[in-house]
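Lettered A, B and C in written order, each chain numbered from 1.
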């Protein structure tokens, strides 16, 4: 039994990491209609930026900010240079998926010669171990949970209370209408990529912190978990992504305790398939997966 | 030594052509973005291996753990591989190809490809996990010596026969009313439905046919290299084939063949040349740059020349009036 | 295929909708619509923007599922029948926006719609040209006859995507005719079409009615509706607010207020 209580604790950390990532990912889709398959690679790149800062003696928490900045700029450029031009050209969503897959491949392989194949890890990234009953977490893991909570609150405030947030929601609902109402959609989209890019970068760093070690190859596994959380919650719905993250985080950790830690992504994939078969629009439905064929 | 090199090149070219013909049917003609294509080739290879190998308790094979091992003679393993590819297409297609929008379908298939590889890698006793299956018997190796020059040519001939058969059958599919229905579905699915086409059925049939051909390609390859492991069929392998179709030309078999020769085969050869030439680079740099080049090719062609080097040709019926008459 | 079923049980209407609803995300686009589409006539469906006309047409065709209600076609309840099967039974729709198969030739656009081609299955295709060539030739003859009738013979081998708006509209109608439909559901067939071609289309529709085709068409152009339609149904805000001939409708002040300005 205590195994599962401990798993619950790990689930809290997992869901925090996934939430930061999934919210960013789903907002990219919801507002710019872009399934950004390169998201995992941007996460890993940011993790490496933090790694190099960390090696230069900088604390990993500062490195997280560095990773977030890197993720923001990288994602912004990615959209400006590649995604937006293709979308302007009238490329269908399916074509954009192919483009983003090609991009993810390029990023991973451009990085490989630079950072190498071998796993790396952050120094002093664990902190002290705390216990509460059967829950065993390090202070850093608790820190991650804290960061996630803060970020979720920030995203919530952004969407709810700021003009930019309202503009984002309007653009997500109906871009043409939003533009006609005078919303500067181009600038809103730029802001979306910067903000979600920052979330992506930060997610990469905390994901790396939460692992014993990481390497370029982890990008694909991250992406699957994020996809599962985003689709489960309802594609394009930030609050859905949070719910999806909670569920995926808990379920994968429980399955790791009950079954085997190697199969965490398999469980996430299984959930993804179940959602697609039973309720493609996810928990908080929007236009989503059932949209006009093609 | 040279004939081995030539045979190697020709067999790989044949396998790539067969694979591209299948992917062209699914992607080029029908518009299904099957990002899990490599899994179908893998299932064909694994099936052919498991059918042709002796049981894992047999002498010389007991360092491996796998199911099956029926030690069947050629051509049964190849037929089995092709059938396995088609059978796998049924549940996968059933789950994915229904009412999902096409980008969701692509994502689901991509994830399937990653997960399948993970599962097989971790399931040590099923197909020998990460180590894979080795010492796969070459077809008719009890009659002929697989190490002889003559056998190499025999295998090339065998591959060529498969290429011709697949080419004839897939051409019949593409240049037929069925192929026309597939293209209509690709162009505008809602209108295809409005004229009585059942898109789910069309997608399932082309998915299964493509699966059969992909399975065959796997069987042909595994018989030659006599080895198959998860490292051979990682998800990016599918992307190479997509690059081939995008570069060579979508929706037509000539374009698919051209793409197969330019991309998978072309890259293999260029890598070989470069590896021999530049000694100074650290290992792994050239393959990594290869992947970057593949990505650039895809993006470049999608931007500048989405129809590929050899686009789909116009179907003109016999006795058609001259173009441009008024 | 549209069987030779003759008229339905309910008088001489071949298609009827009973209390059809279509709700989506809280919006009641179609809010309890009941109509009878009389056999071998052209019925117009008019109303202001957002009245739900196109949505209702889509529900009749099966493109969208009905939230509630019944649809009866030729005596059969087709409410749960998928769209492609409705087309095969002879209930064929066209679209408001151009929906040609762009990278198929004009002739291929027609050929692909024809049912009963032995080559239109995996088995038939694998058997090779000799197996299905006879069917194909017969259908090419049929398609070419249609092209000739609609004056587009010379364009047979052009890509449909390169045609003008009016030509695409004609292609869509010809394509639908290849299915030998009993009822045509036309969604704004004249929109975006050059006035000269509008005349042509009008003329074709009249001829088709003469040949026994039933047509239900959503249309904005009231002059068109007046000239062409035997009966008119007026919708507003998801409901039917009147039906009859244009003359009788003009006499009803609520309808004139709601919609008929011209």
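The rule is simple: contacts are C-beta pairs under 8 Å (C-beta built on N, C-alpha and C of every residue); 3 or more make two chains touch, one makes a residue touch a chain.
This is a predicted model, so every value here is computed, not measured.
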Quick one: which chains contact chain A and chain B both? none
Average the CA atoms of each chain to get its centre, and name the chain whose centre is farthest from that of chain C. A
Nearest-to-centre chain - CA centroid comparison: B
Approximately how many whole Å separate the CA-defined centres of chain A and chain B? 32
Distance from the CA centroid of chain A to that of chain C, rounded to the nearest Å? 46
When centres are defined as mean Cα positions, the distance from chain B to chain C in whole Å is 42
Scan chain B for residues touching two or more other chains and write them down. 188, 190, 199
Per-residue overlap in chain C, given as positions that touch at least 2 other chains: none
Residues of chain A that contact two or more other chains, please. none
So in the complex, the part of chain B that touches chain A is made up of which residues? 31, 33, 35, 95-96, 99-104, 106-108, 110-112, 114-115, 118-119, 122, 188-190, 199, 235-236, 239, 242, 246, 282, 284-285, 288-292, 294-296, 298-299, 302-303
With touch defined as at the start, can you tell me which chain A residues reach chain B in the complex? 35, 37, 82, 85-86, 89, 91, 93-99, 101-103, 105-106, 108-110, 112-113, 117, 220-221, 224, 227, 231, 260, 262-263, 265-266, 269, 272-273, 276-277, 280, 289-294
Touching residues of chain C toward chain B in the complex: what are they? 61, 63, 82-85, 87-88, 92-95, 99-105, 107-109, 111-113, 115, 117-122, 124-129, 132, 135-136, 140, 153-154, 156-159, 172, 175-176, 178-179
Could you please specify the touching residues of chain B with respect to chain C in the complex? 169, 172-173, 175-181, 183-184, 187-188, 190-199, 205, 209, 251, 312, 314-317, 320-321, 323-326
